[in-house]
Every structure is written in structure tokens, then in C-alpha cells.
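Before anything else, here is the set of structures, which you'll find just below.
Each of the next two complexes has chain A plus one other chain: chain B in the first, chain C in the second.
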Partner chain A sequence: MKKVMVSLKNVFKDYDEKKIIKGINLDIMEGEFLTLLGPSGCGKTTLLRTISGLEKVSSGKIYIDGEDVTDVIPRKRAVNTIFQNFALFSHMTVEKNIEFGLKMKKVPKEESRKRVKEIIELIQMEGFEDRKPSQLSGGQQQRVALARGLVNMPKVLLLDEPLSSLDMKLRKQMEIDLQRIQKKLGITFIYVTHDQDEALSMSDRVAIINNGVIEQIDTPKNLYNYPKTKFVADFIGESNQFKAVVVSCEKDEAIIKLEIDLEIKIKNNNYDVGENLVVIIRPEQFKLAKERDVTNCFYVKTKEHIYNGAFTKVLGKVAKKEIEFIIYNDDEYTKNEEVKLKFNSDDIVILEDNDEQK
Partner chain B sequence: MNKNSKSKYIYLSPVIIYAIVLILFPIIYILFLSFQTSDNYGGIIYSLTLNNYLKIFDIVYLRVLYKSACIAIITTFICILIAYPFSIFISEKKANTQKILITLVMIPFLTNSLIRTYGWIVLLRKEGVFNSVLRSLNLIDNPISFMYNNLGVFIGLVYTLLPFMILPVYSSVSKIDKKVLEAAEDLGANSYQKFMKVILPQTLPGIFNGSLMVFIPAIGMFFIADLLGGGKIMLIGNLIKNQFLVSRNWPFGAAISIFLIVITFILVKFYKKSGGNMDDLGGF
Partner chain C sequence: MQRHKHLKNIFILIVFLFLYLPIITLIIFSFNTSSLNIVFEGFTLDWYTKLFSNSALLEALLNTIIVSVVSTGVSTIIGSLAAIGLYKFNFWGKELINKLLYIPVVIPEIVLGISLLSVYTLLKLDLGMGTLIISHIAFSIPFVIISVRTVLNSTNFQIEEAAHDLGANELKTFFYVIIPEIMPGIISGATLAFTLSLDDVIISYFTAGPGSNTLPLQIYSMIKTGITPDVNALTTLMIVVIMIVLMISSLIQIRKIKKEAM
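Up next, the complex of A and B:
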């Protein structure tokens, strides 16, 4: 069992009466790659800054490696931060930028030189030591920022949307590099992003944050396959959400009626007749049905399609409800056509609809 | 020449004419004068001589140069010491407050600096405001000599030239990215290290720019030395003024002027060489 590296206990943060973080409890393991994922303004960056100490919590406790650091100033914490726009020292060379943290920590010259050399090798920036940040490309600046944050070997590295200013291709490359470096050094990474692709592809676990609270925290796979709230289902990947109502219950099975006028059989999970549910079906969980299929089938009128190379995303309509599904063979599609779709009722996610205010 | 660039020159013509008539011609005339000789009555004898320039290196005048340079350097230094913390103080305020404070710095420019210098006399003289207040508070028995000495000149120069230091320094201080300071803090820098390693190096261009804008006028501000120094203190500015208005030796005055211009060019060249950006010198 690995030990807990960072622990947040009931953390609150207000700005002038405005509550940004509303009671977050979170344990992050040693060597874990954890992502805080959420829409902009959800409080994820603020949460990260409370861990680095650049932001003070309004109430609650923060522990790093078992030590209470709630009132410890940033430079005394064993964490380093990678900032969104790199925040490199523009008047210093690459080498001096990386060396900065070691100098501040008064690491002996010999040792310092060795570590700078190692880390420059790690980020594959040999030969650029004497360049100024303005002479580097965005990706290179990002590498230098990463090296500068890692050179002190912090227990935890905090990354605040570090890839957001890079272009798509570079981002994919950096995602791979980040994972490689993290696994190699075994440092705990806490990564903030609003980009679900980044979150899903790199993280060991992802915490979905919305309105200052954690909606769900789990592995990327579980978040996608078993979302616990409508927000998570909506935020992670594409989803079709159907309102449904329980029609009848038996011992093991229940029959529910979807808003598209379709009755399906599901496992009974202590449902009551008349209870409101939400059914979540991912676009790729719909299959084109054969003539003879009868259960969990319905007809959709196709409206639009988005060709995506390997697959085609189709927008269809059934009983005024927009539905998204995916077909893998472009030839099967024609516009304004009735298509018969089916799905497997074991794959779909069923949530209680407790969203009364809607 | 195509039509476009022709019309560009038409639009620019007032500025070009202004610059040629009021700036370029006088400088050329001064340059021309500096190679002439003066007769005993202030007339100009047309000749071609370097005597005026050689005369600058006379020990009497070298002393004036030396004293001027000292006073200008000290003035510049005092201006940096005041302007720097002040700029940091302003840059930490909200954006609107910053604008108001900077406008307040600019407002004295609306009044002629000669009049403002007379204002200082009212404050500083023996029966002036400062001495009266100090005496009525029984803090002093005899009035303090605030003026007609070096102190008066420093007060006048620093007061008049401080905005020229504040504006460029503020402009460079406010350009520092807050995130960069946080990064320094995050990497273990304490406040002193943060200042020495990050803030100071990034604001050096602003300081140099301000120094140039303070140092050069400080050498030449003759009326402050006259009014607040009581005529006892001779700066290059006074020397030039005296050559033109008192000694009526225009060629020698012209030579000193050219000498000053050359020094200015050397300083700017030095600034450029040490990595300064010429745009920073132009505006704020």
C-alpha cells in the first residue's frame, strides 16, 4: 500500500464573500498522476494554488507527506509549480533558469552542475543551455519550465494547464513526455486542465471538479464507463441523456420507459414505480440494428453528420429528442433516412434523477 | 515616388518643417559657431579653429565639468532611490488607482518649471515656510540653510527631474509578470533574492533609461543652480548660459553645447550596446 503524499481536509476558499472552493477532501498517493479536471471557473486552479501555498485556504488543512503545511509559506513547501504561460525568467539563459531553484536552495556548485546536466538530458534540450527563453519555441520553453520545476526534486509537482498554449501536435508529444518523465522520476504530479483528452490520456486518477466541489474521483476508465452524476457523464466524453420513469418492478428486473417512448428492461436496483431516472448512452454504444432485432431498438431520422476519418458522427432525431451516434462505415449513411438503432442494456448507465430544480 | 508616399510627406510636412527650422538649423548653426572665434565685443570672427574645444580642457572648466557631473550623478542616484520603491508601490495598486497616481506625477508638468522653482524659494529660504514651522514647533533655534548651497540645488534638481525617473521605471516595473515572481517564490527565493535576481535585472533598462533622462538635463539646468544655489554653484548649464548671455563668447558656448551633445550620444550608444532597447527610451 502506497502512502498518502498530499492530503486535503475539508478545504474551503472564499474571495470577498464569493465561495470558490466548498469543502474538498482529497488524498493523493505517492507517485500518482492525478488530474483536477473541470470547466473554467470551477476552482481547480485555486485548489492547486492552495497546495503550492500561493493561495491561503479560508479553512481546512493541507498535509504534504504527513506534515501539516497549511500555514507554511510557498518556498518552504516541498512542491514546485509549472505555470500556465511558463513564467520563465526572460533575462536568464536556459541553464540559469533551471539552475535557479538549486541556487536558492544553496546546493553546492558541483552537485548543482551535475543535476542541471541530467535534467537537460531528461528534457532533451542539450545544446540549448545558453539560449534565452525568447529564442526558444513554445514547446522548448515548456520543457525548460518543466526542468526548472523538477530540478529541486520536489515531492509533488503542480502543473497548471501547462500545455494550453501549445498546438495540438506538440501537445500530444508533450503528453507522452510528461508521462515518461513522471514515471521515471516517480514524483507525484497534480495536473490541472479543462481538456478532458489530456486528463484521460495521462492520469492515474481524475478528480472532476464543478462549482468548487469534487463531483467524482476515479480512474479515467471508470469515469467514462461509470459516471456517478449527470455532470460527469456530460463532461467526460459525449453522451446522450434520456429522462426515464420506472414503469414496473419485479424482484430482479425493472422496466423503465425512456422519453423517446421506448420501454427497456434493466436490473432492479431498489427502484420504486414512478421514480424518475436518467439513462446515459454513449454515442458509440448505439449499433445499427438488423431487421430481426426487437429489444432495445428504435428508429431515428438522420439529420446531420460529421465525417471524422475513422468514423462518422451522426446527429439524428427521434420524438423531438436529438441523438448522437457513431457509424464506422460511411456508406451506410444517407441524410433524412430512418435508421434502426439498438443498444445493449447492460452497457448503459442509469442514474437517479435528483435534479429537481430543473 | 508613388502617390502614397507623396501624400505621406504632405501630411508630415508641418512636423518636418518644424524639425528642420527649429531643431536641425539651430544645431547646425551651433556646430558652425563652435569653430569660430569671438572678438572682444561679442562679435564673431569667421575662422576655422579648434581652440574652443581645446579650451574646455582648461583646468578651470574641467572643474566645472567635474562638479556638474558629480551633482548630476548624485541627483540621478537620489531619483532612483525615490522612484524605485514608489514605482513598486504604484504597480501593486489596482489598474485604475495606478492611472490616477501616474497622472498625479505628471500634473506638475502643467506649470512652468521656473515658476515651480520660485515656489521652492518660498518654502526653503531662511524666513520660509519650513523654517517658520520648525521654529514655531521649537525644534530649531536658528534657521536651517536649505538653499543657496548644494542642498538647495539637489532639492531643486531632484524635485524637477523625479517624474522623468518615475515614468520609465514604473513602465518597466509594471511590465513584470506576476507569475514570474510567483515562480521565483515557488522555487525557493526569499523577498531579497526575488528582488535581486528577478525584479532588478528585469527593470534595469527602465532604470538606465530614467538615469539618462535625469542625468542629461541635470547637467544643464542652469536656472535651478542660479535660483536655489544662489549663483555660487556653477554647472555646465550655467557655463553655457554665461558664455551666451554674459561673456558674449558665443563660439565657446557653442563648443560646450556640442561637447554635451556628444556625451549624450556616447551614453545612448553605451545603453544600446549593453542590450537596451531604443523604443524604451522613446516612450512610456
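Up next, the complex of A and C:
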């Protein structure tokens, strides 16, 4: 059983009347790779900064390794931050940059030298010790920034969109490196990004932040397969969202009517007749239907085909509703004006339509 | 093509002659036996020996060095701190101060000289080295602030947060991170302040008193009675000193570039 490394208890943060973080509770385990994912302006970076201490909370408590650090200044917290634009000291060499934290903590020279050497090996930057940051590529600067934080052996490493300034190819490589380094050192990583691919590929768990609150926190797989809110379904991956209304309820089953004029049978989950629901179907959950299929089938007028190598994304329209589905290239499919689709009602996600209640 | 190349070379030659001919003439006449700067009669080093026995001139040289060094030091420290303060903090009237900074830069020196003089008279300060140094500090500070601010504007101030995050307190952050990071701006501000102070005539003319004659003022008073070859000798020496300083600084720069290229 792993212990809780970082714990946020009812954290609020306001800037001049404007509420940025509205009551966040979050436990992060030791050695976990947790990502705070959300659109820009959702408060994820502010949340990260409250953990590093660079931002004070308006109310609530923050614990790191069981210790209340709410009023502890940044340099006394056992965390380090990797900043979005690296924030390397441009007048210092790579080695001096990495050494800085150890020097400030008055680590003996011998040990300091050993740790700097080890970390430079870990980030595969041997031979670059005497270079200045301006003589390095973006990816190399990124590694140095990472090393400068990691060399202090923080209990938690906070990463604020560290890959956003790198190009696509480098980013993919760094994603792999980050995971490798994190697993090797076993340090808890809290990672902030607005890029869902980054979040899904690296994290143990992802917290989806929207409007200053956590919408959902779960493993990447569960977030994708079982989104709990419309926002999460929309933010993670592609999704078709259908408004639906409960038509009839029996003991175990309920019949709902989708806005595309299709009635489907689902498991009854204490629904009431007339209740509004949202049905979420991922593009890849639609399959081509055969002539003889009858349940959960409907016809789509196709509008656009977007070829994507292994599959083709198709945009279509059913009763004024735009939908998106995927055709695998080995499927028996010819570009038609109309195509019959089916889906399995066990796979789809059904949510209560909160908007209607407000 | 060939003709264009010649035209280009001739043009460059003319530009260089225009820039350096007066200086070369001056150097040549400093070795002239005749005291008239018209014809070269013969080679002599007399003017140089005469120069070193001219106690008024040597005293002026010493005064100039004291004034320049002290005013550069003080204005660099005040100017740099002011630039950091103006950059980092928001306070009432900040915009106004930023605009006002340019007034001493664009105002005619004679106005600044007169206004400083009237302030000293009002405060009943005796003119001398003190008032001279204060005046030089006053007109140097805006130049230092502007020079440091240029570097600050291109500095990512997140390094300050990074330093705190890595365990540095305010003082260490300031001395180990902020100051070295903006050092190029500080150095160019200091250089500017030093050169401005070194050859200032107008403001010094108003604010210097007895016993605080500076070199430019001394030369100015000497040439009222015609340019004598000992002034030529003095300026030649100054050129030599400047050349040596320039050469050393370029050598350092070259070595630095070579080291970084490795």
C-alpha cells in the first residue's frame, strides 16, 4: 500500500475577486505520475503553483509527505518545478545550472559533484557540461531543466507544460524519456498540460480540471471509456453526444429515445420516464451494419471522408445531427451517400443531462 | 563588376579618411618642433616632456579620473537598482517616472548645467569636487537605467522563481542569479556613464569650482589662446590609452567567442 505524497484539502484560490480554484481535494500517491489536464485558463497551472508555494492558497490546506506546508515558503518545500520556458540561468553553464540547487542547500562538494555527474548521465547530456544554455537545442535545454530539478531529489517534481515549446517529434521522444526517468527514480511527478495525448500516454492517473474544479480523476483508460461528465467525454478523445429522453422503464431495462429518432434499450439505472439523458458514443464504436441488422441501427448521410492512413474518418448527418465515425480501411466499404451504422448499447456511456436541471 | 569593386573601395577609403584624418594630423603635429599647427618642421618629444611638467594639466587629469570613477560607480549602482525596481514592482506614478527618465537624456546639457548650478546656489553648496561628482551622477543615472532596462526586458524573470524553487533566498537570488543575468546591461550602462563623465564639458563648466578643474575644462581653457602642441601631445596620449583598452576588450571578446565555439 503506497502512502499519500501530496494532499490538497479544499483548496481555494482567488485573484482580486476572481475565483481561479474552487475547492479542490486531491490525493497523490508516492511515485505516481499524475497529470492535471484542462483547457487554458482552467486553473491547472495555478494549482501546481500552490503546491510549489509560488502561489499562496486563499483557503484550504496542502500537505506534502504528511507535513502541512500551507504556509511554508517555496525554498523550504521538498518539491521542485520545471517551468514551461525552462527558466535556465543563461549566464551559467549546464553543470552550474544543475549544481545550483545543491549549492544553495550546501551539499558537500564531493557529493554534489557525484550527483551532478549521475544526473547528467541520466539525461544523456555527457560532454555538454561546459556549454551555456544558449548553445543548446530546445530539447537539450529541456533536459537540463529537468536535471536541475531532479538533482535535488525532491519528493515531488512539478512540471508545468514542459514540452509545449518543443516540436512534435522531440515531444514524443521526451514523453518516453520522462516516463523512463520517472519510473527509474520513483519520484512523484505532477504534470500540467492542455494536451490530452501527452496526458493519456504518460500518466498513471489524470485529473481533468475545468473552471477551477476537478471534473474527474481516473486512469487514462477509464477516463476514455467511462467519462463521468459531458465535458470529460468531449475533452478526452472524440465523441458523439446525443440528447436522449427516457421513454419507458421496466425492472432491469429502460427504453430511451435519442435525438436522431432512434429508440434503444439500455440497463435501467433508476431512471424515471421523461428524464433527460446524454448518450456518448465514440466514433470507433460505430460499426457498419449489415442488411439484416435491426437493433441499434440507423442510416447516415455521409458528407466528408478524411483519410488517415489506417482508417478513414467520416463525417455524416442524421436528422440534422452531425456525427463522426470511423471506417477501417479493410472494412468492406465503398463511399456511399448513405450508410447503415450500428453500435452495441453495452459499450456506450449514458450520463444524466445536467444542463437541463440548471 | 570590377569597376564596382573599385568604387566600393574608394568609398570606404573616403569614409575612413574623413574619420581618421583629423586624428592622424593631430598625432603628427604632437611631434612637431614648430609651435604652429601649420607646417611640420622637425621631430621632437619636447611637448611630451612639457606636458608632464604642466602641473595644472596633471591635476585636472587626476580630478577627471576621480570624478569619472566615483560618478560611474555610484550611478551604476543606483541606476541598476532603480531599473530592477521599476521593472519588477508596480506602484503609483511608475509610468510617469519611466517617461521622466528621458528628460535628462534629451534636454540640452546647458539647461541641465544651469539648473544644477541654481540648485547648488539655492542650497548654498560650495562648488567643487562634491558638486561636480553629484552633477555627473545625476546625468549618468538615466543612461544606466535605460541600458539595464533594455536587458531586463529581454530577461525571463521566471529565473527568479526558479532560483527560489531551487532553495535560494532573496539575497542569493539577487546576487547569484539576477545580477549576473543582467550584467551585460550593467556593464554597458557603466561604460556609457564613464565615457559621458570623462568628456563632459558643459555641465562641468557650470558645476565645477576652484580646484576641481577637469581635463576637458583644462583643455578648453588652454585652446582659448590657440591650440598648442602640448594639447596635441595630451590628446595623442589619450588616444593611445583608448586604443589599448579597446584592444584588450576585443581580445577578451575573441577569446570568449573561441571558447564558446569549442
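Some notes on this structure:
The rule we apply is simple: the second predicted complex is superposed on the first by the 349 of 358 C-alpha atoms of A that agree within 3 Å, B and C clash if a C-alpha of one lies under 4 Å from a C-alpha of the other, contacts with A are read in each partner's own complex, and residues count from 1 in each chain.
Keep this in mind: a contact is a pair of C-beta atoms (placed from the backbone, for glycine too) under 8 Å apart; a residue touches a chain by one contact, two chains touch by 3 or more.
All of these numbers come straight from a predicted model, not from anything done at the bench.
With chain A as the common reference, chain B cannot sit beside chain C without a clash. Of the two partner chains placed around the shared chain by superposition, chain B and chain C are both touched by A:Gly101. When the two complexes are overlaid on their common chain A, residue A:Thr35 makes contact with neither chain B nor chain C. Using the contact criterion defined above for the overlaid structures, shared-chain residue A:Gln216 touches neither chain B nor chain C, since it reaches no partner. In the superposed model, A:Arg148 makes contact with both chain B and chain C.
Residue contacts after overlaying the shared chain place A:Thr188 against neither chain B nor chain C. After overlaying the two complexes on the shared chain, residue contacts for A:Phe89 are found with chain B and with chain C alike. Residue contacts after overlaying the shared chain place A:Ser112 against neither chain B nor chain C. Contacts of A:Thr46 after superposition: neither chain B nor chain C is touched. Only one of the chain B stretches 6-14, 114-122 or 132-140 carries C-alpha atoms that clash with chain C in the superposed arrangement, namely 114-122. Within chain A, the residues touched by chain B in the first complex and by chain C in the second are 52, 54, 74-75, 79-81, 83, 85, 87-92, 100-101, 104-105, 148-149, 152. Against chain A, in their complex, chain C makes its touches with residues 156, 158-159, 161-169, 172, 176-177, 180-181, 183, 260.
Partner chain A is touched in their complex by these residues of chain B: 177, 179-180, 182-190, 193, 197-198, 201-202. By the touch criterion stated above, chain A contacts chain C in their complex at residues 52, 54, 73-75, 79-81, 83, 85, 87-92, 100-101, 104-105, 132, 135, 148-149, 152.
Only residues 52, 54, 74-75, 79-81, 83-85, 87-92, 100-101, 104-105, 148-149, 152 of chain A touch chain B when the two sit together in their complex.
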